[in-house]
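In what comes next, chain A is part of two complexes: it sits with chain B in the first one and with chain C in the second one.
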Partner chain A sequence: MHWTHLLLELILMPLMAFFIGMGMVLTLRKIGAKLQRRIGPPFFQPLYDILKLHAKETQSSHGLIHEIGIVMAIGGYVAAETLLPVPGMNGIAQQGGLITLAYMTMIPSLGLALGVGQCANPNGSIGISRALTAMLAYDVPFILVVFGTAYAAQSTNLVEIIAAQQSDGIASWGLVQNPLLALAGLLALQGMLGKQPFEIYVAPAEIATGPMVEMGGKFLGGLFIMQCFQLYTAGVLYTSLFLGGGENWLTFLVKIFAVVSIPMAIAYLFPRFRTEDLVRFFWKWPTFLALLGLAFVLH
Partner chain B sequence: MGIRDIPVRQAPSPHKSTNPLGRVFDEFLRFCQSRSLFILHYCTGCGAIELPPAMTSRFDMERLGIQPMVSPRQADILLVTGYVSVKTLKRVILTYEQMPAPKYVIGICSCTVNGGMYWQSYATAKKLNDYLPVDLYIAGCMPRPEAVIAGMRDLRRNIERGTANAWRDYFLRYDHYLGNQQRLFGETWQTPVDVIAEAKHYNLLGKETQGEHTARLARHQKPLEALTLNLELREQPTLLK
Partner chain C sequence: MNALDLLFLLSGATLLCALLFGRTRWAAPLLLLGYAAQFVALLQTNALFGEPISLSWSLVVLDQPMHWRYDALSWFFALITLGAGFLSTGYGSGVWMRDYERAGHSAGVLHTALAANVFSMVLLVGAEDFLSLFLGWELLNWATFFLMALRGGIAARAALRYLGYAFTGGMAILGAMALLYAQAGSLEFQPIRESLPQMSDGQLWVLLALLGSGFGIKMGLLPFHLWQAPAYAETPGPGSAFFSAVSARMGLYAMLVFFVGMVGLARLVQMEIPYTFLNGRDLLAWIAVFTIIFPTYTALQQQDARYLLAWHGIGQGGYMVLGVLVGTAEGSAGGLLHIFNHAITQVALLMAVFAVLYRTGTTDLNRLGGLVARMPLTFLTLLFGIISLAGLPPMAGFVSKLLVYRALLFEGMPLLFVGAIIGTLGTILSVYKLIHNIFLGQLRLEHESVQEAPLSMLIPMLSLSLLIFLAGYFPGPTLSWVAAVQAQLGLPVVNYHLGGVYDAHGGFNMIWIVSVLLAGFGIGALVFFGLGGPSKRVHQLDNYAGGHFLYAENRYQYSDHFYAGLMHLIGPWYRGSFQWLERALGSIVDFLAHFTNGFYGIAQPLLWSLAAVLGIAVWVF
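Up next, the complex of A and B:
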């Protein structure tokens, strides 16, 4: 591939991810509103929010690490987007592979932890320690799921995994081949996106949105952008592993929007788990399912 | 005192851009600002009870881009919903000063306008705009959600026109506000935020920013100290002793 072509892809992929991610934020907020019988935000609301936050005149920074933390949080995802193949563009997915991608999706949480640490707000520290504990909890089934699908496809290359799934229609999808892994992945997804019942680290009424408590202006704006990327990454990753990736842009978009809509659609059914219950849950059910799925794959 | 005395004086915007494209950009940003308002509701009085219906399914504030937020750093609007006692007012001011500009204050309920039915109370601050620059009052005891939403729409229109500049007034006439605060809280009153330095930073140092009251503040000001975390682990009383 010519290097200008690659450069174009490396710029286009995160950019597209951002706009699709904003659409996802809107979708989730609309779903939440509809479930509560409200009208919900207008179409451009995510864009208004982000622009407004960056246009604030006061930007209270708590120091260099605070700023670097936010850059890491966004940067990790920007890097992850270039590793996620979309229809027509592979970026550096061939060279990167699943393992790199799994690493990249952990960087944002760590960056956020650094940034929040410097804010020295006790609510923030409580929030981020809960968030990292939650990460520890849902990453175990997540890694098992990633390992299982990679083993089943005999490759850690996402492009190949997708190609294998597209070879024989729906019957070759990961969802059909390894349903247990897909179910475990879905449960891990709920935790990864921080939807109920796993949203104790945000807990607005108790610890004042936890990690976000000291973030104002462009810092909060940065986190809003991060959220767009996070939704996109989760949706595309799940689609690539289990739903056969995207044959074309239409099916691709339908699939990724459907995937991120599931956690939101069932979120309001649950009350909140405490952190220790959350860890217990993730290390029990999704891990158990993933191990069982793995046993089927290895068999 | 007539009704005309109640609204605060609107300070003219000190930023004058001459670049026509810059003006288009400013207008666009003001449009975004008016369409995305995060509210911090400081539920001081009974008026707070009208906010849940304004936010939930019946009236749904989110369709106007208004969302509740929980920390002053994230918020644009400080909603003071009802009477403010002297003790509460201190917290309201602390909260207000931590919010990032541009910030707006809305006084909901008649009690914030003139003390309302607590006029004779020794512990209630009467006019909110003596202590903080109020953008908008929504009168009523208590105002219905329709009134709250109509007020929000007014604020939105003001922001879009660029006339919701009360926060600048706090910097430009800090001495006035501080004087009223000192009258209520005593002359040793101080907040962690250095408002004068901020005014300098934003180029909002007016003739009335500094005066006798800020001089008094400077005399009494104690430097801020970091709070130390004390974990005194007392011996647990055991039942088995």
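Up next, the complex of A and C:
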């Protein structure tokens, strides 16, 4: 591949991820509004929010690490997007692979945790301790899912994993081949996105939104950008592992929007789990499903 | 005189210098020169990429020749030993040592103990027969005890506990040597290597148990891990950093020599455990995984930064053993690479923590906080270190762990894989608590005037931080060392390049990954600093929670019981089973000792009479 072509991909992939991610934020807010019988925000609201927050006059910083934390949160996802293949663009997916991608997505979490830590607000730190505990919980089934899909494809290269699923239509999709892993992955996705019943770490009425408690202005704006990337990454990753990736942009967009809509659509059905219940849940049912799915893959 | 002769000579001379001039003010430069000279001599041996080199002279003890020879494996471990010795001495050479002496301790004793450790290790990793290995092993045990016990009090108690373990391990190795001698008629490695294929599985299981426990004690493998964390944590700063880098790895070195280099992983796989699905390799792999998990989650519970890191040091050893046992090119490369990557990581982390101790007088995680504003470079070192320890990109620890994960994945070992990942996740939680409770959150009143660590401590810390980053960005050079070691041990050799590995399952290239990550940070910075208006720094007390403002005299304390939710769930799982096991084994040994005493009292009355007469004579005269 010519270097200019690659450079173009490396610029376009995070840029498109951001805009698509904003579309996902809008979709989720619309779904939430519909379920609560509200109209919901206008089309450009996610963009307005980000611009408004960045344009605020008062930007309170608790120190350099508070600021660098937000930079890491955005930067980590910008880099992660180049490891996620999309129709017509592979970026550097072949230089990293699935495990690298999984670990790359932890960089923004680390950045956020560092930034929140410097704010010296107990609600923020409690929120981070809960969020990290949640990560420990949902990553166990998630890692089993990653293992199963990579083992089934005998590759950690996402380009190859997608190509294998596109070889024989829907029948070769991960969802059809390994439905138990797909189900476990969906449950892990609910935790990853912090949707009910797994949103104890934000718990607005208890710890005043937890990690976001000291975030205002461009700090919160940075987290809004991070959320766009987070939704996009989760949707594309699940699509790449179980829904055959994107044959073209139309099917790709339909799939990734459908994937991220599921957690939101079912979120309001649940109350909130306490941290220990959340851990107990993820280490029980999704892990059991993933292990069962894995047993089918290995034999 | 060849290069290996020179290395041994220089190592002995450095020890002598420490002994004679350790208390003088030019001891540190002299010793640094000594370690640097040893390093140059090591390079001159060319044992890594060239032919192995033997010592020009040998000894004969009880008709058994004692040889020393350096090959790629010896070179690799000696490099880490000398590097750790050099950096630890440099770290402790300036104001730290003056402070240490002011507290009533002797610089000369510390220098001598450190140099004795380095000398023992240089000797040990060159052993070409079991007699030389045992000599190096016992020398190292005593040198280790010497360095551990320096501070007295808790440190001395921890050192004595270590000594108990070390004696037990030494006896186990001696027992294995007797068995090997009976079978091979020699204690030299080559005849033993030739005789091993003729040994039955039963004999090999006995050897596995004896040598596995002997070497495993030094390594801190489960269930022989309890001694390590307190002993390493209570050792004075430079010694603690040195121990954490390489001391426990001597156990791994010996395991590699015997189990991989002599017995071979293929034979371990053939040694099936009756009525189970396990074989010798699986058993060791599961021990490695439990060594990852249990100490890591014990680390998570620690309230002292030194203990937290020391417990992680035990856990990280599990990744090394696990990687090597997978046996594939990538797996063993990951395991071996992790020895180096973890060494530079752990030394940097402990140096940062001891710098905090030097400035604040405590490493209690509940009595620190907010120090990033006062010690930003120490924070940077700790940050680089924790990212590497947790195995996240872009630092060195990520590369070695990634190789291990990939190997487990492609070898179809899902449960071991999940075990390794659970260890990593626990490490992430634990190291965040470490950095949060020391450097983030509120700065305490008593630390308002704390200053950055002194330059003599910062130089090694920042050098290591750079090394951690570079070893993650360009893993090619370190992988080339590892490839040479793999070839030496008869393992499949990893197909590496400057940025990572080539592999049929999809390789990876850290140069791309890290470059893109750095570019991502650049974009993040552009968005954050470019789009938004200028930010205004607010005071840490310009804050609220629970509807209350903060006052200087009335601050929050929220670092204690940091993972409350998780501990509600897993707290009851900590039943102190290993302490119970240790006490039970201690009681059994105690009982056997009494029994043997009684037996000798009956069977050898003359011996006791002689002892009594001697005792009376000593008392009278």
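FYI, the second predicted complex is superposed on the first by the 299 of 299 C-alpha atoms of A that agree within 3 Å, B and C clash if a C-alpha of one lies under 4 Å from a C-alpha of the other, contacts with A are read in each partner's own complex, and residues count from 1 in each chain.
We take it that a residue touches a chain if its C-beta (ideal position, glycine included) is under 8 Å from a C-beta of that chain, and two chains touch if they have at least 3 such contacts.
What you see is a predicted model; the values in this text were computed from it and never measured.
In the superposition on chain A, A:95 makes contact with chain C only, while chain B stays out of contact range. With both structures placed on the common chain, the touch criterion links A:136 to chain C but leaves chain B unconnected. Legend: residue contacts after superposition of the two complexes on their common chain; A:82 is shown touching chain C, with no touch to chain B.
After overlaying the two complexes on the shared chain, residue contacts for A:299 are found with neither chain B nor chain C.
By the document's definition of touching, of the two partners only chain B reaches A:45; chain C does not. When both complexes are overlaid on chain A, the residue A:37 reaches chain B alone and has no touch with chain C. Comparing chain C and chain B on the residues of chain A they touch gives the larger count to C.
In the superposition on chain A, contact is made by A:275 with chain C only, not with chain B.
Within the superposed three-chain model, A:2 lies out of touch with both chain B and chain C [touch as defined at top].
In the superposition on the C-alpha atoms of chain A, the part of chain A touched by chain B in one complex and by chain C in the other spans residues 55-60, 208, 213-214, 217. Residues 29, 33, 36-42, 44-45, 47-49, 51-52, 55-60, 204-205, 208-209, 212-217, 220 of chain A are the ones that touch chain B when the two sit in their complex.
Interface residues of chain C, counted against chain A in their complex, comprise 369-370, 372-373, 376, 379, 383, 387, 391-393, 398, 402, 405-406, 409-410, 412, 414, 417-418, 421-422, 425-426, 428-429, 432-433, 435-436, 439-442, 505-506, 508-509, 512-513, 516-517, 519-525, 527-529, 531-538, 540, 542-545, 556, 558-559, 562-566, 568-569. Residue ranges of chain A in contact with chain C, taken from their complex: 10, 14, 53-65, 67, 70-80, 82-83, 92, 94-97, 99-100, 103-104, 106-107, 110, 113-114, 117-123, 125-126, 128-130, 132-133, 135-136, 139-140, 143-144, 147-148, 150-151, 154-157, 160, 200, 208, 213-214, 217-218, 221-222, 225, 274-276, 278-280, 291, 294, 298.
Every residue of chain B that touches chain A in the complex is listed here, in rising order: 29, 32-33, 35-36, 56-57, 60, 62-63, 65, 69-74, 76, 99-102, 198, 202.
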